[in-house]
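Once you scroll down, you'll see the structures, which are given as structure tokens.
The two complexes that follow have chain A in common; it is paired with chain B in the first and with chain C in the second.
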Partner chain A sequence: MDSVDRKRIHGPDKSVLPLPLLDSQHESVTSKTTLNPSARFDGRTHEEVRPLFARTAMVSQANGSAYIEVGCIKIICAVYGPKQITTKSKSGDHHSGGRISCDVRLAPFAGLKRKGYMKDTNEHSLAKNLATALTPSLLLAHLPKSQIDIHIQILQATAGHVSASSTSSATVLPPPSFATNLSLLLSPCITVASLALADAGIEMMDSVVGCSVGLFRRTDKNSLFWMVDPSEEERETRALGGGVWVGNAVVGVMPSVGRISGLVVDGDVGDVGVLMEAVNVCVDACAKVHDVVVKKALVDGFHAASSPVSGSSSAV
Partner chain B sequence: MDTEMGEAEHAMLHFVTPGETVTADTVFMRGHGTYNDGEELVATVAGVVERINKLISVKPLRARFSGEIGDVVVGRISEVTQKRWRVNMGARQDAALLLAAVNLPGGELRRRSESDELQMRQLLSEGDMISAEIQGFFQDGSASLHTRSLKYGKLRSGSLVTVPSSLVKRSKAHFLHYTLSPGLHVDVILGMNGFVWVSKGSKDANKKGDVPNSTQEDADALYANVNEPITNEERMAIARVSNCILAIAKESELITEAFILLVHEASLRIDCKDIVANSKQIIDAAKMSY
Partner chain C sequence: MAVSVCEREFTLTGVASNIRSDGRGRSDVRAAAVESGGISQASGSCRVSSAGGTTVLVGIKVAVGAPAVTASTAADADLDADIAVDNSEDAELSISDADLRRGRVVCAIDCNPAIIPTMDPRAVEDLCIDFSEVITKILNADHGGLDLQSLCIVPGSTCWVIHVDALVLGYGGNLLDTLFQATRGALHDTLIPKVTVEESTSASTGNTSYEFDVADDETEDLKGCENIPVIVTLFKIGHHHVIDPTPLEEACSDVQLSVAINRKGLPCAIQKTGNGSIEPSQLAEMIQDAKAHGATLFKDMDEAIERQRVRSLNDTK
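After this line comes the complex of A and B, so read on.
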């Protein structure tokens, strides 16, 4: 083992083609024509996001904060800073700009079963992906030697939807599990964190809006279809429109600038064509959420602060 | 949008969110809170557009304190390092208070020797509150403070109130002295950074801020760690003034010398502990008595 040259970057022994890049053999069947819109539990079309509620200035002692509700997911975010970097190890920190640190935590009461807080790799990866999606939007070069702390508390992460059609749906839902749920929590985390950063008056190119898309494989035909902003039931239910979940993608979009700041794909997607199509639809959905929810939450927050009586609310 | 502000007043305000184009006109100059995206001027913060001649800036609702030279600030020592103290004053970075920028006990015109450097913690240690003035800025934008006047220095015999820095306006007087009743004095230091120090007042108001004719006792007292004896009445007065300042901040009104006094008068018929809860009522009453 000692003979391995650690200074050299060793490639893997075997090399594989990374993705069947737009392979013509895998014909991508667009789902628009074939997917029955009523296949979704809450009667959404496959391009539609769930109703959102967002509000700023929720935590009085934080420099900026925001709250978001999507379906049954409830997330609160507090931003502290920019403040002096406190860590003693400044050696590896030669870049002149500031930095952000994200901390995502699932509340003990967030799931169906109460559980004590335990540090979790899922939360860590969620925080990492969140930081990746937010960093391109922030003008950190303006904040030398300072850091911004972003604390996210997931208050509720249970499955479920607030729709009347849930009672009529005859499908028996499987019990939701947390491990699968966490990837679906990333998109509201991105939106709420960016909103809190804007509330804190931190300079950014644009607020980032997150959106997820679920990719499913039809069981009868071997083709893929996608659904924007899948809920946990859709993710879990195998029988949905004859589809099996194969993966999902989370996109962080800066709608005004027209750039994607982060993209996380997991699962065995295979067909890049379908993925690209799904991501494009996500970008459009993000633009809508940005116009209708994020901007309005910020404007409402401003008016609420200039006259403390009025509340603020917003929904798609 | 039916808020208490008049429609006309709101129409005057141009509110933008990050990423929103402020103007596509190239004659304007880029100010704080904006960046150039090609021809367009785009906002980087959520706030109100302000235009001074051709300079366009966006002023955020809540922003970290960024001072100017000459600002009076109140801060807390966060670290003692070689030749300087680090001071947390609620800004983007900690400010530096150089050893060369403080009055040492035993006369002003004394050379700083190495032994002074070793005894820095005897003067100011971590957690001490100080008032100081911003002397300048370093390359990276962090502030350098000085306490080279007897009105600045270590703070004692009082309590700290933290308010949004936007509510403290730059004025001639940041060291305020109130005589609430004969023999009952309260001093207030309005830090531009939103840290406000409310303390037991000195007997004679003239002593404050005048030219230091420093004696040995004065200089030693500068860094003393012991509170002066405070009577119960004085304690209550300090608590009441502190709560009045919090109430003003809660109602998002500017904190000024005259307004604190008005709010204090309006608060007298309410129990000290209930002031913040009844802030709206008190502030309205104080405004009426303008």
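After this line comes the complex of A and C, so read on.
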């Protein structure tokens, strides 16, 4: 344990092509708020998520770990525990089950601007919302007097295409408010943390998958439309297909149980009908991600751990 | 808070049969008294005391400070607040970013752990931090209602910073809603000194410098107060949900949904807390209920604030 170089980032040794999420089984459902697919920069339909890559068993000294890449976002998560609670708390220890502690850290180089080492309120609220989304999936009542530590390191949060020279030119759009970006970082955080929990062999009801949806207002008409898993460009320009960004929702879903474990909505998202439509599309998207990516990552991780040859590569 | 099996069963059955231990139905609220303007040294203040025992005092102080460039540099901006205003480079940097041309709101909540004896002191502290983040986030957002642009003094370097300091004086459940009501009341009561800005361009260097003057006696109201949303928190207990819960009901609830409702009666921020999960259909039902309660709360708040305004006008006469 002591020989591990903690300053090194234990990223993947090699890169792997992301799995395509589209297949013939999952035909897109047409809806009133359907948008012309060409309106999205990367040619996705409005209810398609970006290709994502996930794998488990990244950090050899942790009980469980996972890594996820969605677009430009790269997140690594390590889970330690369950272990005994060492600090004495005044009430509830004997009655309550275990507890989880989430820690989200943004690497100083994760954004366009360097961020200090000090934790700020955004990281705190990310961690809190993450804990809220994960807790329903865990059977904490079975783990009395114990704690599970979830550590998340966000290695990259924004697309790194703005170079030092281009910031001075007038054509470059102002960077979006960092808070908007951070709230949309929550969905991959949820997915990767749940994967790491599963990798650690912790008893769970279901894995939790996160999904975000951006809500836009049409500039010509006064109606709203939504886009699942908005990308960096879509967030930055905030005006797409004749729409203006009005808000976003992040949903944590337990796909097999069909229940929502986390929900954060910001902005003037219109009436309940539109919002619920967007939330339901997120639920469907999460089920797809769960079927295609999460299950595959867990099975691959299991095989890698059980076969001695490939298992050694992750222990380096 | 540890609840015995019998207590939990009693509460759940009561909620299921639409009669709670204090005689209310699921959607009945306890009466709340709103008094604003009690603290003379603050720019604005408000005290909300609910019949259930929750009492919150909010004092607002406005100060000249620096705008937050992005959330990540907010801490640096605080440090730089004392920088001289006529720094022309700072002023020029600002032009593109909307965040530089607006004021900001900072919220802090203080609660003595002794007020909530059923909770762990550290948990009380965490709760206060969470609530202050929720309030800060809503008030600083576009959907928060406040006209933050009007709080800008010199773009990029100087703006009004509104410090919302809340003090929890009593706890009887439903803390977040009460805190936000009190914050809303206090912001309605807030007066900001008038500021005059003079712009001058130096002939030799071409740099523009700003000088501003804060009036001692002239004040103006905070713009956009009436558009600040209200927060309605729904507590799911068993298969039903209640509003304005008692501490016991809060402890029995597994899902809490805080919904901010704007003046149009539409949700503008939602946050789920609690250890349970929820079905999408029930989520829609809860948001619908929150909308209905939000509209009532808006009406009640408007009336209460109007009463305070009339009273303070009579006092000054």
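Rule of thumb we're sticking to: the second predicted complex is superposed on the first by the 247 of 316 C-alpha atoms of A that agree within 3 Å, B and C clash if a C-alpha of one lies under 4 Å from a C-alpha of the other, contacts with A are read in each partner's own complex, and residues count from 1 in each chain.
The definition used in the following text is that a contact is a pair of C-beta atoms (placed from the backbone, for glycine too) under 8 Å apart; a residue touches a chain by one contact, two chains touch by 3 or more.
Given the structure is predicted, the values throughout are model-derived calculations rather than measurements.
**Student:** Can A:Asn280 be said to touch chain B (first), chain C (second), both, or neither?
**Tutor:** A:Asn280 contacts chain C only, not chain B.
**Student:** Count the residues of chain A touched by chain B and by chain C, then name the partner with the higher count.
**Tutor:** C
**Student:** Looking at the overlay, does A:Val244 come into contact with chain B only (first), chain C only (second), both, or neither?
**Tutor:** neither
**Student:** Kindly classify A:Asp271 by the partners it touches after superposition: chain B alone (first), chain C alone (second), both, or neither?
**Tutor:** The second partner, chain C, only.
**Student:** Where does A:Thr132 make contact in the superposed view: on chain B (first), on chain C (second), on both, or on neither?
**Tutor:** second
**Student:** Tell me which partner A:Pro144 touches in the superposition: chain B (first), chain C (second), both or neither.
**Tutor:** first
**Student:** Looking at the overlay, does A:Thr121 come into contact with chain B only (first), chain C only (second), both, or neither?
**Tutor:** second
**Student:** For A:Ala200, decide between first (touching chain B), second (touching chain C), both and neither.
**Tutor:** A:Ala200 sits against chain B, while chain C stays out of touch.
**Student:** Can you list the residues of chain A that touch chain B in one structure and chain C in the other?
**Tutor:** Correct list for chain A: 96, 254, 257.
**Student:** Contact residues on chain A for chain B in the complex?
**Tutor:** 63-64, 81-84, 96, 139, 143-146, 198-207, 254-257, 294-295, 298-299, 301-310
**Student:** Taking the touch rule as given, give the residues of chain B at its contact with chain A in the complex, in rising order.
**Tutor:** My answer: residues 1-5, 10, 15, 17-21, 33, 35, 37, 42, 44-48, 60-64, 78, 86, 88, 92-94, 140-142, 250-252, 280.
**Student:** Tell me, which parts of chain A touch chain C in their complex?
**Tutor:** 89-92, 95-96, 111, 113, 115-116, 118, 120-122, 124-125, 128-129, 132, 135-137, 140, 174-175, 177-179, 182, 247, 249, 254, 257-272, 275-276, 279-280, 283
**Student:** In the complex, go through chain C and note every residue touching chain A.
**Tutor:** So the residues of chain C in touch with chain A come to 1-2, 70-76, 96-99, 118-122, 129-130, 133, 136-137, 141-143, 257, 262, 266-280, 283-284, 287-288, 291.
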